[in-house]
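My questions all concern the structure below.
For clarity, chains are labelled A, B, C and D in written order, and residue numbers in each chain start from 1.
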Amino acid sequence: MIRFDCDYTEGAHPNIIAALSESNFEQTCGYGEDHHCENARAYIKKAIGCESADVHFLVGGTQANMTVIASILRPYQGVLCAESGHINCHETGAVEATGHKVLALSHKDGKICAKQVRDYVATHWRDAAHEHIVQPGMVYISQPTEYGTLYSREELKELYAACRELELPLFVDGARLGYALAADKSFTLPFLAANCDVFYIGGTKVGCLFGEAVCITNDALKRDFRYMIKRMGGMLAKGRLLGIQFEEMFRDGLYFRVAEKAVANALRIKAALIQKGIPLLMDSATNQQFPILTKAQQATLGEKYALGFWDTTGGERDAIRICTSWASSDENVDALIADIMAL
Amino acid sequence: MIRFDCDYTEGAHPNIIAALSESNFEQTCGYGEDHHCENARAYIKKAIGCESADVHFLVGGTQANMTVIASILRPYQGVLCAESGHINCHETGAVEATGHKVLALSHKDGKICAKQVRDYVATHWRDAAHEHIVQPGMVYISQPTEYGTLYSREELKELYAACRELELPLFVDGARLGYALAADKSFTLPFLAANCDVFYIGGTKVGCLFGEAVCITNDALKRDFRYMIKRMGGMLAKGRLLGIQFEEMFRDGLYFRVAEKAVANALRIKAALIQKGIPLLMDSATNQQFPILTKAQQATLGEKYALGFWDTTGGERDAIRICTSWASSDENVDALIADIMAL
Amino acid sequence: MIRFDCDYTEGAHPNIIAALSESNFEQTCGYGEDHHCENARAYIKKAIGCESADVHFLVGGTQANMTVIASILRPYQGVLCAESGHINCHETGAVEATGHKVLALSHKDGKICAKQVRDYVATHWRDAAHEHIVQPGMVYISQPTEYGTLYSREELKELYAACRELELPLFVDGARLGYALAADKSFTLPFLAANCDVFYIGGTKVGCLFGEAVCITNDALKRDFRYMIKRMGGMLAKGRLLGIQFEEMFRDGLYFRVAEKAVANALRIKAALIQKGIPLLMDSATNQQFPILTKAQQATLGEKYALGFWDTTGGERDAIRICTSWASSDENVDALIADIMAL
Amino acid sequence: MIRFDCDYTEGAHPNIIAALSESNFEQTCGYGEDHHCENARAYIKKAIGCESADVHFLVGGTQANMTVIASILRPYQGVLCAESGHINCHETGAVEATGHKVLALSHKDGKICAKQVRDYVATHWRDAAHEHIVQPGMVYISQPTEYGTLYSREELKELYAACRELELPLFVDGARLGYALAADKSFTLPFLAANCDVFYIGGTKVGCLFGEAVCITNDALKRDFRYMIKRMGGMLAKGRLLGIQFEEMFRDGLYFRVAEKAVANALRIKAALIQKGIPLLMDSATNQQFPILTKAQQATLGEKYALGFWDTTGGERDAIRICTSWASSDENVDALIADIMAL
């Protein structure tokens, strides 16, 4: 069985394993204050073009989301996000566990827009009973979205302009950020860093064993973030494990290369799906593709491949998720393409 | 600089690194449902002599503590623990973050006893205003304690008898459990499993990169624990990383061997301290030793070794923590002993 | 200015004031354990036809909602409710403040149905990733709803049958329960008590100064509820104030008479609105009516009456809320009707 | 049975009942925005000598404490208070329910001092592991304390100077504030308002039916406090009930007269106890007195009076609480004194 069901089916890029192996007997202090973490932070600040950023390494995405959000919001505030957002759908209420409501907006291809945020905020404050309603306190988006789609430069700029005007911090979940950067070269890390208040660079799904690098660019949001990490159970004793991985990823661009290869393979699969006339749920430019397959097609491919079930679409068809990653070999991708074409 | 300041200054036992390396390209499902986790669970159930236990792998100790405690308590209940307990002192309020008060009892060498628990509970229910007071809902201890001391078999049995009688689940934090098992061979994993309701086997400080194996032996506490893990941000996407480590540790007893060596080295250091006439804060039988050193002694040793500051003891002396681990080489221990004897 | 904008614009039914005045110098113990509370509990148990119920008096509706919900749910569970539900819209995230997600279902006239609950639960458990999704843990409805509409006997029975089958406690918010009972005489308190697990009889909006009587009929939900009340800040020191009010309300049926008069007046206003050809947002049978008025009509009535703004409906019209209560005098209602007819 | 066991055994000062009765048919808006609340706020601002203060009315003390504390602290911060503080002992973990640890300091006669706060904060920041420890974020005291004792002007000034220097907001719980003001005329409301950041004037225990007036004098703590009240379930629909009571209390000094009479009666009882040679647990100057009575004395007085049990003191004696209030008649106090003298 060849797995294409998600982008965390293998361990990590071999360079990561090698780096962990080589550094294994080094003695360092704990909790992310070692020299590997320092190096990784320096590389990342350079990569995002923001020397003043605070960079923290967390183990996973849900942890990063809940820690950042709980750190920003006042108790009576909620976080605006797309109805399809990860924090709204797939984190078992981790944000609510911190006492905050997720304020879900309808989405288009997994995205929300500046106008929706402006309207929501205006409606809130216009309501005579606004004190009885959760106050919008920040905005959360993902790049790429849950559907593999992308915010364009223009869309993000408009959204961030609205956020600044409304004094709502903008937080970008980048669990799969590498794939977005690979898919749209005009959307760079420095551009992102300049157009939000806090974001993270996902490692777990982009070649690391685990790890998310939270970058806080807004000075007002930096204070005592390490206390927050510890309080939320997210402070890794051997913090160096995160430092070593991100050092490896950002020393000379491995992060970008890993993502590029995965996206290239995904686009090859996409091309095959289109050529074969198989409809796509979304027009995704990243490492996740969502073909709508008949039960028969699912059964045929299912003999050889593990694919992800995404959603029912009615009738005899379902939306299926196909993911590539650093670990998808060209051979396996070729095989899948051949089998798609043979459907 | 040779570090003896804590037991997480290196990576992991080389077998762990090798296992991660070998398994790196295997494809597995995520979230701890892969075959490595299954194997590790099977090994652990055998080692603890409890086939009916539920075993879950978490990344770190604070996360394990808050998840277990929040899973057990009703909202208005608190957790009884020693004033010196980790959850009371060094987790930045992670338990309170879940809405629960830590009910601190005075400790003797880091330990609490059955009588204290009985008295506390009796006092609570006797108070006419008991509904205005946090209700004791469970008991938390560590084996070994923060001071490296141990609960004897008899002490644990008495404590657990009290807990059962009072219907308070007993939770044992085993962040350094291996060292306790190595120090008192009569106190085995099956004995522990039979004398509490939930405990964890610490990996982070006993040779793993990270990881704690939570063992729930009381059926009433098992339900939906995986929901709790996810809700608290503790569900590792590549859960196999935990499975692979504990598989390695429990396949043929590596966990015990790692701990034994560390304890043996710690006892050699302890013997030197005693021989030299240096007072000890506690009579620890495990991998942590707490000599009381003069400022001059600290300065002399500090030229070559990183030791942990533990507490002021008044005057010119401080309690210092010396930790050994799987990674403490005999050479380094020999050197430290020689330098202690030369003080 | 004559107010019809809500049902809490005056103090309390004069009998309540008289009872508070008469009992003022009595000495009693605190926290709801006095003889007035005992009497009130006895009257209520009789009225609801459930001697085994636990009855607790709380000050307000949001407090009652959050205390009941936090008492029932496990940490990773959420509460199913109509999108228009009070807990979802107008409690500033009080439920989320206790760590739980509100799982909003689309509504029809403010109501949800058994099928929606069954479908939601089935979908949850069918999802391979269900551990990553908040688990439905209970169901919340209001009788009457936010729109003044009513669950019929049949609808409630079906909903409760689904809840029992799915093991989801059913909680009925009765902030305006009296008006529902007055509007549908077949829907009695004993019927309600037999068809949910916990509900409350609202006093604040039905003639009391304040107060909600929470009735827990399901034994499994009774334990330690007074601890919950105190922990949530809802334990009134002079609990007798609540007892005295509910004693007065339920000694000889004042609660029902108060509600009947308000509903009768509301239906007179409704008849006038219909006769005049003014559209209604909902077909409400209770003390709240929602005419859709032009801006001009609003301005005309606004010279003499305070009415509640409810919602924009597009164009030149808005949905307006007109509320009656125990305190709406026949004269004021007559005047309003005349002015409606003169529009 | 004549009750002296607490200060909330009767309803309210008759003027309060009269005012509620007189205003009963007035129509007002809800949620504390009516003219009675406006008047009461104006009276209170004048009484505390701080026109810029924000004044909010809450129903009870635990609710006031948890709302103020949760409003001030960042998630990883705790509140410093005396070990004997109400929030630490008698609120069923309401502060922890909001996610915050109570950082208990040893007390002297129920009080903490500036030096303790300075030392605690210095120790925190000096600790290399301070990020693993709950950060002190504010200070909570009560005036009078749980033991009826008082902070002198000098003590409060020193404490507040320390707080300002350390940037810790100082919150004064004034559940029985009236009695403190009556006992030490040099300690005025304007003095208090000038020497803390937020405090409340307790009504429940000083002549009202219920109600606490929270006064926020520090501008930085004012924002969105009404959202907090609603989110914590503390927003009273008929907020006017609180306004009417505080209007009555502060229109022409009723609050002070009520407290003075209670304190005068308490001091008469205290004099009798001293004259009789009965030891006192604390030298209280306020409406609560704590004689240490033998079991026999308790039994004798217990035939006629309800007294409060306070604490065991060892042997055959217990500390007993005797409370006076606005409602303690001179006759009853005379009778108690006679019976004490006859012991």
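As a convention for this text, a contact is a pair of C-beta atoms (placed from the backbone, for glycine too) under 8 Å apart; a residue touches a chain by one contact, two chains touch by 3 or more.
Only a predicted model underlies this, so the values are computations on that prediction, with no experimental measurement involved.
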| item | value |
| --- | --- |
| Intersection of the contact lists for chain A and chain B | C, D |
| Contact-richer chain pair (by C-beta pairs counted) among C-D and B-C | C-D |
| Most distant chain from chain C by Cα centroid | B |
| For chain B paired with chain D, centre-to-centre distance based on mean C-alpha positions, whole Å | 42 |
| Chain C and chain D, separation of their C-alpha mean positions in angstrom | 33 |
| Centre-of-Cα separation between chain C and chain B, whole angstrom | 50 |
| Contacts with 2+ other chains: residues of chain A | 75-76, 91-93, 97-99, 131-132, 135, 227, 230-231, 235 |
| Touch list for chain A against partner chain B, complex | 1-3, 5-6, 8-12, 14, 17, 20-21, 23-30, 59-63, 66-67, 91-94, 97, 204-205, 209-210, 227, 230-238, 240-241, 306, 327 |
| In the complex, chain B residues that touch chain D | 75-76, 78, 89-93, 96-102, 128-129, 131-135, 309 |
| Chain B to chain C touching residues, read off their complex | 31, 70-71, 74-76, 98-99, 131-132, 135, 224, 226-228, 230-231, 235 |
